[in-house]
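Worksheet: one structure, shown below.
The first chain written gets the first letter, and so on, giving A, B, C and D; residue counts start at 1 in each chain.
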């Protein structure tokens, strides 16, 4: 069941139109510097990321595991994470807990020298649902399985509402996050709908180390689940998938909303290094890419190497053309925001 | 004549493009809560509606009666109203008064246990037109016919202007509404063009219990009558139908305009439970659905049950994702408004 | 030459896409009144127009004359002007002066009882150009020819720039207008590009009785002349026609700009009685229709009667739905303005 | 290599869709004068341009040289510069320095009597890159080669990032510009991405005589290089070409940003004399045209004569219709700015 679902997610994300109707990164306009006084070859993308030095402020976002095809994808992604010395997450590890024989689709990344590894579990699974909640032992297991530096707890309650087997309880999540955050280094992450200012404040209170905004503008899980529901003749879920296709807080707005005094990772809809530069301008410590990497990782190691190198090259170009040699220098760059993103930014 | 017209309205509404050019519910943006701290299964949609407890803040809007096909539609709608314990209206009951043999296309709903029933007459028929005005006895008759809790007086002067047999006098309506409202529990309702602040203040003065805004954004009766006029080779009416296709006050703006101290029902262009959630956020006590339900009700009981359950499910999802367990909690949720609706909201 | 040109204007206006890219009347939004308290049959469109009582605040704008086909068109327009008791203009009367045998294509309107008649000459012809300027005797002649109540002096300098045989001098026009206005009742009129505030102030100074704004949004003479130039293989003029296709001040903005203390006629792009209602809301004393009437007038008397009656009917509906029984009551009606017209309105 | 590239640039600019997604000149709206009180034939386009009297405030922007086809193009452009008495630039003269046998593709313009001649070298070539930097002797050579009045130093760092053989160092450019500007009359120019306020201030400090903004809105060199990369199967560059297709500061905004007390030339995306009028309204001393002239110049002398005369005619029409007889009078004309340009203008 899980593994089937995992494969479907991948195939739909690769082949269908699953994006939200507007990509809000396009609403950010940057003031170009014609005379940048920078040597492109001196641009150094390395940054300090949550205490670790990494090659670039780019993260390979949590995507897969728990199914045969995931092994290849995770291996290729891990090879890229090693090559470019950037952090990487794996997909939700519930599958690994439930079926230990699937564990190697995650642990395959252990063959690579990755600077920061993120284990991944879902917030809904922290509390009792149809199935019993994740226990501390389970967390230990998933952390160990990939020698994780951080535990990502992903929030995907919209997806739960649209997928057939979805968890329906959100009560008690905050308390449990708080408990876990006192024993493990936790990062919270949305999966395409973003966090509000209120969410951010409560999660900071709960002791999380960072927030990965996972905002609206790129992959829509309502869309992905819509396609699954269609195939399964589940009219109810397909209907909700359409209704909530564009639900959520645009990624750039979410970065602003989450500016509450802990590090913020910008993600959701990043396509290029230019989008990534915009996330960094807004104050993100790094930007996370998911679907933009998927097809390349599924294709070959060479292909994902190219994809990541293109992204980093475009980031460098954006830095070059704004006169910056270090990523966090982008925070000083002038930009402004057009509608509809402007209204979102002002709504906090 | 009437019955022919009634059937045409249904067929056109089912089969033609009869919506206004923009649905303004799309201009409302909601701030998502990633960590809602709500158990979906504890969400309780029941509300107090004008003194009665109902299953959800959703109304089956007045649509039909007075023609054979209406009987089936009203029966199915009534079955849904019973099943989901929600209020229901029938279409304009002039037909029942004029031809008593058509009465059962309305009274068919008496077979069902419906929490709140709305009788329905047109404001233009309250005064003398080509035909004599509705008398108190007529009102008694229609109220009794369906054991109505409220009398809806609908305002549809634009439609009157476009339909061949339209009533042309609006003078004296206010006084007559006032008289009737002193003897009967009256709700006023537009049919797709909304009420202005001035209308709302005058109607409150006249003693009505609630206002159902019936605003612009969904079914356009200018459009429906345009198609009828085309068919009838009535160039004059067809011409006016085109001119006034998009006339009126958008439903969400009308909710704001009608916020004058009596309950407001949000309607006009509601397609999903997400739209309904927006109406409730703006302060409506319930939202009314018409054309969205029509085809399902005409199809089968199973079909309309599904349709209503989908709407309520989407409402629940919107509540869940904004951290609310009770419908009126939605009034605390953060949202904002984009153009062109923003200008409409500011124009009051 | 002239008569050929006149015929071409008509054929192009009837058959080609000659409108500017945006019709700004659509940017005006009106607040509907659901309970208008008006009897449609008591709506009285008659108004006082520059001292004369007329049947409705609608003008048949200056269009044609000086060519065979014009006779039929002017006859049909005049029949409509008589029937609906509304003012009417004829096209530029230079042709009548130059070739007296063409005079009856104008004077044909004398067979009809028209409340207000406008003679028409071009501002560029008031001063010496390639041809000598219009003399007082010429003005006397054209006024007498159609028993005119007012002399319209039309401003069309953009058209002059695009048409092959265009006049190129604008210097001295103001002085000559001033002289003429001291002997004749003069109305100035643009032909699709509107008047600015500065123009309006100077023309008021010059003693004109009223300004007919003839703004951007409907027929574009740059467009019409573009098609003529294309046909004539005149690349230079065709090029300018494209460049200036959308040049000018939108009609509704021009009404505001021209609000300098003399009566303003709203025209340019009026399609329906709803557009006309908007012009009246903005303060115009009447609205002028040109191209909207052309094809009907060229077709038959029956056809133009219908067209005018439809326009007046829609005006009445707009009045009815905003609670007005008299045209100038529309000035009290609430409306607001969307972009891009909003910026134009604020630019005065 | 260079010559191949030069030819490719021309062919791509002539045949492919190489413009940025929006032309911002369209966002500027001008207030028309219906009664301009100007004699078209008295309009005098001549202006003082950096100390020299020229026939019109129009510049033939730097485009080509260093390849066979350039000779014909430059000869035709030079003939037009002579005929209309307007300044002219040639393309980057690196080619002439590296291969003296190509020099006549530039010096061909010496056969014509041109009021102002611009030599042209690239800012990146002022410092050591893969190849050694331009020396003073090289500058002397290129100035002499075409008897140049000014040395244009063009900034094109985005293009360098996208083209295969691109220079990557921007450090030291400012110092070198400053040195050169103390010995030669220097104008700086962008090639489609504009200058920021900061750039302008630094370049003024460096002693340049004028800034030619070369802003976003017309030819996109990211686009041109994208097509070249495609053809060369260079995925990396093609990818960056797409990412940065619309990068830069819109030309009209750049004119405002560069208003720092030295003359500003408006360029980038000018298509017609109407666009040129807008540049002059914003305060530019002249407007530069590149791609708009290319195909005509490549076609024939007759063709480029026509093209330039059309542009100047449209400029005159814009002046006529705003009541101006001299180009710099356009600075007094009323205009305003719509979105998205408005936000760009306010971002300085």
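Here is the rule we go by: a contact is a pair of C-beta atoms (placed from the backbone, for glycine too) under 8 Å apart; a residue touches a chain by one contact, two chains touch by 3 or more.
Bear in mind that the values here come from a model prediction, so they are computed numbers and not experimental data.
Interface chain A/chain B: under half of the residue numbers present appear on both copies, so the contact uses mostly different residues.
The rotation relating chain A to chain D, fitted on Cα atoms, amounts to 90°, rounded to the nearest 5. Put simply, the C-alpha centre of chain A and that of chain B have 43 angstrom between them.
Distance between chain centres (mean CA atoms), chain A to chain C: 61 Å. Residue positions of chain B touching 2 or more other chains: 339.
Chain contact topology: the protein chains form a single closed ring, every chain touching exactly two others. Considering their complex, residues 29-42, 272-274, 306, 309-310, 313-314, 317, 320-321, 334, 336, 338-339 of chain D touch chain C.
Those residues of chain C lying in contact with chain D across their complex are 123, 155, 157-158, 161, 168-174, 177, 188, 190, 193-196, 198-199, 202-203, 235-236, 239-240, 243-244, 247-249, 339-340, 343-344, 346-347.
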